[in-house]
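Listed below are the structures to be examined.
Heads up, the next two complexes both have chain A, just with different partners, chain B and then chain C.
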Partner chain A sequence: MSRGTLVYAAQRLVLITVTAVVVSSIVFIGIHQLPGNALASERRNNPATEAALLHHYNLDLPWPQQYVLWVQGLAHGDMGESLVNMGVQITPLLLREARVSVTLGLAAVLITIGVGLTLGTIAAIRQNTWVDYVASTSAVVGYSVPSFVWAFLLILLTVSGFYAWTGGLVYENIGWGKIEQIPVPALALGLPYAAIVARLTRASMLEVIRQDYVRTAWAKGLKARVVILRHSLRNALIPVISILGPLVTGIITGSVVIEYIFGIPGLGQEFVSSILSRDYNIVIGVFTFYAVLIGLANLAVDLIYPVLDPRIRY
Partner chain B sequence: MAAVPSTVEASQEFLISELPEQSSLGQDAWRRLKRNRLAVVGLVIIAIFFVTALISIVWTPYPTWRQALGTTYAGPSLLHPLGLDDYGRDILSRVMGGAAIALGVGVGASFLASLTGIILGMLAGFFKGKVDALISLTINIFYGVPDLLVALILVVLIGRGLFNIILAIALTGWLGMARLVRGQTLSIREREYVEAARTIGTPNLMILSRHILPNALGPIIVQATYLVPAAIIFEAFLSLLGLGIPPPSPSWGRMASEGYKALQIAPHIVLAPCAALSLTVLAFNWLGDGLRDAIDPRMRR
Partner chain C sequence: MRAVDGISFDVDRGEIVGVVGESGSGKTMTALSLLRLVPEPGKITGRILYGENDVLEMTDDEIREFRGNEVAMIFQDPMTSMNPVLRVGFQIEEAMAAHRRFTGQQARDRVVPMLQRVRIPAAKERIKDFPHQFSGGMRQRAMIAMGVSNEPSLLIADEPTTALDVTVQASIIELLRDISRELRAAVILITHNMALVASLCNRVIVMYAGRIVEQGPTRAIFKNPQHPYTWSLLRSMPRMDEVGKERLVSIRGVPPDLGKLPTGCKFHPRCRFKVDRCLTEEPPLAEVDPEQLARCWVLMKNVPNPEMQS
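So, the complex of A and B:
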């Protein structure tokens, strides 16, 4: 890694921090403009208890003051306390859940890239044959079917289908904690995006395999594997990498739904349940986490560019 | 002297007969679109869903909210072609009603998002400088945030009515359109015809509406078409998570989420709305691909 790259990465890390603070501040301020307060309910509390509770969460202060306190906490990595489950510290909770979400997300990205590149490459080198038509058509169908529909279909297949065929040997165990519980949700999450990657790879491969240097490679008698993988695919990857940024955002969005369906204890599930229970401290926390995760993922993508294309330097 | 007009006439006649049949860019694109089989199929499917949605507003086989029409979880039968759900409601009627919601949200959100994106994108691209810096900064910040979460928060903040859902989706969907229009405007504003218009003192508003917008319209139409299925999926996501249009409105996402708990014993409850949803999205994507190829043949893949 060159000096320039390090400087670039450092600049980006600063930008990620700024974005995270700005985004979470917007959410913080937006939520604090709501009428009422987070502890208001139909049940009438003892006024003294209520005052003590409000004081406990700094909610008795005017919001600009709360905001300053909150930013100070954030600077120390402290995101405050859950409003619903008093005493639960948010930062360790979200760190634990982020590990789950990142594991699921990485598995989905691997599936996306593996399936997408394979399908796209095969479609391109077999252009205008039935293989190409099947691959291209299934790509459009693939990304038109939303991830939760894939989830339902995969659950039906693994729960009823394989269970019956294998006499109960293979079944879908919904939840989280065992390694065999990862593939099905990751597949549901990754398939729509695999279709997009396949389409892009095909288009970009078709352009590359018509280049002179590929013809030269064939002419000097290199093996098909070398020509396709090293000369063609490596160069065809460059435009494909550009989709990885939006793809990561898409997979994070999709994981909210997938975690909800499969009961996976990740950030997405936490977000949905805390927004439903009006646990705004957690909502803001998850938001900040996601902003950082997306920023880091985009940074990783940008750092892959120069590896694939030495002409790009930072 | 007499020979001159006849020569001109003759050469004109010659030229006119040599010219191919005149057709506008729009007609050209429409002709190419009609030749694209998948795009036509997509258009037909969309038309069917639109008609279904319109019919469902005045008539469905059973009221979409009426419960206990028969045995709960009953599979398809003659009386109820798609079966009954967990409350004994007719699924066909609910899928029909869901079409109205899906298409209303899809088209409404795409329209609102496109309008916002076009206006802000043109302002940024045309005036450059501080206006552009402000708009581009907003776009870049919101690109770093998952749009579903923004929409979820917005729905909680502003409420769950049909219009609020459309608003929440549009507020997250305009970014891509603004980026596209900004880029188009940046390139079109440097063309000679814009310079010519500016030289004769055409006001900015006129340049934007008469010269820049029509020339950027092709990619805008394609992008707006892709925004419709994206918004439909988004609405389904919101409903699935329990933050969509409140029950008993028959949203496809909500139907799927209600049927999920009985997926194993009565898969038809989940499969019917999921099939309708996927088919609509697929049709719009086919149409979008066709439009893209038809409007800009160079983009063809």
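So, the complex of A and C:
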């Protein structure tokens, strides 16, 4: 990695930090404009207890002051305490959940790239044959069906399907904790994006295999595999990489729904439940984590460019 | 549509054969078919003999072993003919590694000497460069190094200097000539530069509308061009010894659309000497002089034509 790249990455990291602060501030200000709070419930509380609770969470202060206190905490990596489950520190909780979400997200990205590149490449080198038609049609179906529909279809297929077909021998439960529970939600999350990658790869490959340097590669007497993978696909990947940024963002935000459906204890599920229970501190924390994750993912994508294409230098 | 029709010629070891003609006359397609590299959905029929072997009969593996090893090709545009994401040295090494002539170690060791041989300065450092760090002339040198790295017996150079600066054209041509001599390789030089042909080639093939219209030894073609097209081509070329004496003649009309070829002789709409037969019947490529072939009715009928004897 060149010096320029390191400087560029450092600049981007600063920008990500700034983005995270801005995002959290907007959410902080927005959420405090909502009427009521997490402690409001049908159950009547002792006024003294309630006052004590409000004081404990600094909720009795005017919100600009709360904001300053919160930012001070954030600077030390402390995102505060859960309003619903007293005593639960948010930072370690979200870090634990982020690990789950990142694992799921990476698995989905791997599936997306693996399936997408393979289908797209095969479709391109077999252009206008039945292989191409099957691959291209599947791609259209793939991205026309949203993730949550894939999720239910896949649950039907793997969870109940395998159980019924094997007479109860194979029973795969949805959830989290075992490695074999990763592929199904990752597939549901990644399939629509795999379809996009496949279409893009096909178009890009079709352009590259007509390039002069590919003809040179054939004229050198290289093996077809070398011509396709080393000389064509590598160049065809450059435009495909540009979709990876929005794609990773889509996968991260898409995981909100998928984690909820599959009961995966990640950031996405926390996101939904914290909003429902008005656990302000967690809501802000989840938003901030998402902002950082998306920023880091996009940075990672941008750092792939100079590796693939030596003409790009930061 | 027939881009190229009824082409037949031979090339001997050590010989440099020039293929000339306007753009779209089928020069490049002829060259690509020798390596079976005609783009889809193109088809080649007939026979292409390399020694005793027919290129068109080769299996996929045989043709792969043949390309770049027995016959190497140098393309027109060095800017687009090298892979932009692979190092120059690697692209040369890869050409050798694809064949069995050299071992992997020999291939690696030969890259720097090959680049030195095509006169690239500081070759040892430059092998790590990417093509965009090379100038056009250097890239074409590198392409030549790549082409001759396997010591092929036939080198096809498809307009190797067209895309280059005039100042580097001469040095590239010189390099091609020297290297082919060293290797005792045959060269097919595709060009529309008649001056280049005159200085470099032993024999000339003139193509028009996908056909050979005239072929013969360079000397004969230049001294005594027979076909009206060849004659016009030579008239359209500036000459040092005739400065100021004569206007350059352009060939009137445009090359025909290959989808809508005229009947009879394909050159007749642009020909000043056409007779009735030219409109209906295509002339065969026939001997008009010892060693010299031309495709023209007028020549065969021995119609005297003072203007063509100039």
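Please note the rule applied: the second predicted complex is superposed on the first by the 312 of 314 C-alpha atoms of A that agree within 3 Å, B and C clash if a C-alpha of one lies under 4 Å from a C-alpha of the other, contacts with A are read in each partner's own complex, and residues count from 1 in each chain.
The criterion applied here is as follows: a residue touches a chain if its C-beta (ideal position, glycine included) is under 8 Å from a C-beta of that chain, and two chains touch if they have at least 3 such contacts.
What you are looking at is a predicted structure, and each value in this text was computed from that prediction instead of being measured.
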Sharing chain A, do chain B and chain C clash or fit in the superposition? fit
Touching A:Y290, do we find chain B (first), chain C (second), both, or neither? first
For A:L308 in the superposed arrangement: first (chain B), second (chain C), both or neither? second
Specify the partner with more touching residues on chain A, choosing between chain B and chain C. B
Check the residue A:R215 against both partner chains and state whether it touches chain B (first), chain C (second), both, or neither. second
Applying the touch criterion given at the start, work out whether A:R230 contacts chain B, chain C, both or neither, answering first, second, both or neither. second
What angle, in steps of 10 degrees, lies at chain A between chain B and chain C when each chain is taken as its C-alpha centre? 80
Gap in Å between nearest CA atoms once chain C and chain B share a frame through chain A: 18
Does any part of chain A touch chain B in one structure and chain C in the other, and if so which residues? none
Hey, which residues of chain A end up touching chain C in the complex? 210-213, 215-224, 226, 230-231, 234-235, 238, 308-311
Under the stated contact criterion, what part of chain B meets chain A in this complex? 38, 141, 143-149, 152-153, 156-157, 229, 233, 236-237, 240-243, 256, 260, 263-264, 267, 270-271, 274, 277-278, 281-282, 285-286, 289, 301
Under the touch definition given earlier, write down the residues of chain C that touch chain A in their complex. 35, 37, 39, 60, 64-69, 72-73, 75, 77, 80-86, 94-95, 98-99, 130, 132, 143, 146
Residue ranges of chain A touching chain B (in the complex, touch as defined): 16, 19, 22-23, 27, 30-31, 34, 140-141, 143-146, 148-149, 152, 155-156, 159-160, 199, 202-203, 206, 249, 252-253, 256-257, 260-261, 271-272, 275-276, 278, 283, 286-287, 290-291, 294-295, 298
